[in-house]
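In the part that follows, the structures are each spelled out as structure tokens.
What follows is a pair of complexes built around chain A, which joins chain B in one and chain C in the other.
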Partner chain A sequence: MIHLNTVSKIFNAGAKNAFCALDAVSFEIKQGEVVLLKGASGSGKSTLLSLIAGLGKPTHGEIVVGGKHISKLPDHFAALFRRSSIGFIFQKFNLIPTLSVFENIIVPLIPSNIPEKELCSRANSLMHRFGIAEKRETLIKHLSGGEQQRVVICRALINNPRILLCDEPTANLDATLSYEFVQMMQTLKTEGKTIVIATHDSLFFDLPLIDRSIELSKGKQI
Partner chain B sequence: MHIKFNTYLLAYALNALYRRGFKSFFTFLMLSFITFLMASILIIAHAIKYELSLTIDALPELTIQNLQAGRHQNISLEHLDTLLDIHGVQRAIPRVWGFYYFDNAGVNFSVMGIDTFDHQTKEHLETMVTAFDFEAFVATPSMVVGKGVQRILNENYYKDYFNFITTEGNFQKVSLAGVFDARTSLESNDMIFMPQEIVRNIFGMHPQEATDIVLRIANKDEIATIITKVKALYPSSRIITKEAMRVSYQSIFDYKSGIFLALFLVCLVTFLMIVYDRASGLSSEEKKEVGILKAVGWQINDILKEKFYEASIIAFSAFLCAIIAALFFVYTLQAPLLRDIFTGYSVLKPTFVLPFVVDIQMLSVIFFLSVPIYMAAVLIPSWKTATLDADEVMR
Partner chain C sequence: MMLSPDVIAILVLDALFLLFGTFAFVLSLGIARHFDAHSFHERQYALEKKALLVATIIQYIFYLKLPLFLFFIFTSDTISNLITGAMCAAGVVNSVDFGLLLFAFKIINLYLFGFWLVLHTLDLKNETLPYTRAKFSLFVLFFFFLVAEIFCDFYFFNALNIDKIVSCCGTLFSATSTSSIRFIFELPHPILLSMFYGTFALHVMLFFRKDALGFLLVNLFFIPLSILALILFFGTYIYELPTHHCPFCFLQKEYHYVGYLIYITLFGGTFFGISASIMSLADQRKTYASFYRYSFYLTALFVAIVSAYPLLYFYRNGVWL
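After this line comes the complex of A and B, so read on.
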């Protein structure tokens, strides 16, 4: 499903302040697997997730997702790939604060121009499933951290992606909400989603949800 | 190929403008104001130029004045026959006219004498002579006035007549017989028309004298020769050609329009500064939003379409508002402050009404100076941001 072959990422390559975030990382993730990316802050976990999602391009190496060479995709096709195959849960949520819950959730569907009935049906179904239907018209800036987390999950799932990438998903949540998040991931796993969770939260280390772990340290795979 | 219009993108653009309410409104306001200024300046200049061209068209080909010690004096009517004998001169028409200063209002009226038996020097005079019985105006002194004169007389309680003071200090009561409206306000607004006999009485002119003589020339190519002949006959005369008048009017207009050009440039520079500020980059919030949109699967063209809608809504609405406001300002309010720059000499004359002229070419100039420039200023930085990696933009 996801195949990385000696992937490196150097920021400001060639400049004095060049920084190697990832150094020759290689691994493979099978469809339906839940993989934990472990490592301290600055180990390169977020960078790795960005590269898998096609948000950036590796300096060296190759990334193949679902048979597609993501590292070589032009921007136009990378966007289409993200829209159809990837759901991304960002550490800082990356929601648009001045939009309502409903508006944030449907943002990925806007370019698809699907019928309004279907668009509302998908969004409503997700909002009910994750318990935020009553906050439909509330602006994001008026939501709690846990509620924002659910909106992010709904937004990530609105296009029914095969792969879910989670970057420090519990960083802004308390223990109860973190447990709730784990329950949600458990449900999604049963639906056959491939999930990659990048975190240094020990909560995830011994969970039965996790099929295997990959550890990074200073950009290198341990 | 079937292209389906994406209404969600348009709705998102409207929503984005609403979300950035103050910024959107301020941009709209600034863009409208500057476009309004540019449009007002061009519309006034255009209206006055139109008025000017009509006035110049109505001027006679040659006007002969008598000079004494370099100053304009009345000309003897005895010259008429001699002038008519010059080959190529179709008609020689004496004109009796002058300026009457109305102290109470502090304005000058142009008083023109009419001789119904003679040919008229301008088209609108022919129309007026047909419309009013100037022969009867001799027996019961009466006059026809321009709209501006009528307004000033009314303001000074002269509803039906006016008492002129002659050069000898006597009163000459003249009844108001009608109001005349020519093609252009400049032609008729400050004018008073009455029989030549009454004008001569008011200005103390000899019956065998005129203010000047206008020559009608059949063939325009003969003008230079005729001028030479007139000069030979009357060395002290001054011969004013239509072309000289045109140049004189044009130079006044060009001087005034130079000031307007300076104002126009100030507006344009202000506009370009705003555009430069806009083009120098998106705000951090806008950049982050572009990054988020890219991250959730928007393509560069989706982002550019959305920004295009945003910019179009602002630019077109600002343009429309500015044009409507400028037309209202110029034609309904008569462009207070701005018009005075062009018509600064009007303290000597009754004010005139700007003619309503809407030129598509002029509107196109305003459009191309505002709408596409602003849209480019929005789209270029958006494109720059949208082409970066989403990851980089969100950082």
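After this line comes the complex of A and C, so read on.
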């Protein structure tokens, strides 16, 4: 499902302040696996996730996601691929505070011209599933951290992706909400989603949810 | 050198084109030589970034060149008031030895850069970027045309001399012995019009049949034929003067700037026609129906506009010129 071959990422390559965020990272993740990407802050986890999602390009190496060489795709095709196959949960949520819960959830699918009826149906179904249906019209800025996290998950799942990438998903949550998040991921695992969780939260380290761990340190795979 | 605000604007933009064009040219050399869509090497990723940058530069040069061409004609028209003997842009352009060459460069470059953009669009529609090397190799070639045009522009405005008496367009586009194009006036109107409307009929037929090669040849032939028809026949009805054949004067205010509409439809129509054909020939799985449509509509509009003048003249006066 996800294949990385000697992937490196150097920011400001060639300049005096060049910084190597990833150094020859190689691994493979099979369909339906839940993989933990662990490492200290600055170890390259977020960079790696953004490369897998096609949000950035590596400096060197090959990234194949769902059979597509995503590192080689022109921006337009990378966006199409992301829209159809990838859900992304950002560390800082990246929700639009002036939009309602419903509007935030459907935002990723607006460019795909899906009929409004279908959009509503998908969003309502997800809101019911993750317990935020009663907040449908509430603005994001009026939600608690846990509720915002649920909106983020709904938004990541609105395109029914095969792959879910989570960047420090519990960084802004307390212990109870973090545990709730783990349970949600457990449900998604049973549905066959491939999940990559980048975190340094020790809560995840010994969970039965996790099939495998990959550890990074200063951009290198340990 | 004649340095009116209009001329300064043209020269400043030329200087910017030269600066950014040279930058794009240098990067294009590397892309044309080393780009390999299947490579995962560091250099390839760097080249992909550079390709994006260069393509953006070339796009903006084209987007600015398009209105700048019309502005050049407008400026030449304005300058004609200062040059003794010149009545319109034709006199100004002809007052310098290489004026017509400059004009030809400007039109050719618009077509070349337009085709480059078409190839670029075609390239971006494919995941594997199959035309990247080709399009940057072509830019390396087109760059020399761009540089030639820019230098001609500088020399043109430098060589303009308001003390020099020049021939007016009435002399330049006539059958008199001083005209360098007097031989074209030997072509009888019935033959010229048969060719003009026959080619247009062929254009329509090939549009419906989506015959790429035929459409390409018809469009290529239609450009000089239309300019000839404008000089020899249609222009006289726009001016309502049987002896005035200038293809520039109808760009002026007195004729409601109709020349701009005429040339935009002619060049736009043929450009889309040639582009549709080239793209269809390059990628035979697609028909590029929208480009065929634009070509058909613009060419039909061009023919309708130029045909309206003699018909209206006949309707009002009951005679032909």
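As a convention for this text, the second predicted complex is superposed on the first by the 222 of 222 C-alpha atoms of A that agree within 3 Å, B and C clash if a C-alpha of one lies under 4 Å from a C-alpha of the other, contacts with A are read in each partner's own complex, and residues count from 1 in each chain.
Note that in this section a contact is a pair of C-beta atoms (placed from the backbone, for glycine too) under 8 Å apart; a residue touches a chain by one contact, two chains touch by 3 or more.
Since the model is a prediction, treat every value here as computed from it, not as a measurement.
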Clash or fit, chain B versus chain C on superposed chain A: fit
Contacts of A:Asp211 with chain B and chain C, given as first, second, both or neither: neither
Partner chain in contact with A:Ile110 - chain B first, chain C second, else both or neither: first
Touched partner set for A:Ser71, first chain B, second chain C, both or neither: second
Touched partner set for A:Asp201, first chain B, second chain C, both or neither: neither
A:Ile96 touches, of chain B and chain C: first, second, both or neither? first
Chain C versus chain B, contacts on chain A by residue: B
First (chain B), second (chain C), both or neither touched by A:Lys57: both
Which of chain B and chain C A:Ala13 touches, first, second, both or neither: second
Included angle at chain A between vectors to chain C and chain B, based on C-alpha centres and rounded to the nearest 10 degrees: 40
Three-chain overlay, closest Cα atoms of chain B and chain C, distance in Å: 7
Doubly contacted residues of chain A, that is, touched by chain B and again by chain C: 57, 76
Sites on chain A touched by chain C in the complex: 5, 8, 13, 57-62, 71-74, 76-77
List of chain C residues in touch with chain A within their complex: 37-38, 40-42, 45-46, 48-49, 124, 127, 129
Residues of chain A defined as touching chain B within the complex: 50, 53, 55-57, 75-76, 79-80, 82-84, 86, 88, 90, 94-96, 98-99, 103, 106-111, 113, 119, 155, 159
Touch list for chain B against partner chain A, complex: 4, 6-9, 12, 15, 19, 288-289, 291-302, 387, 389-392, 394
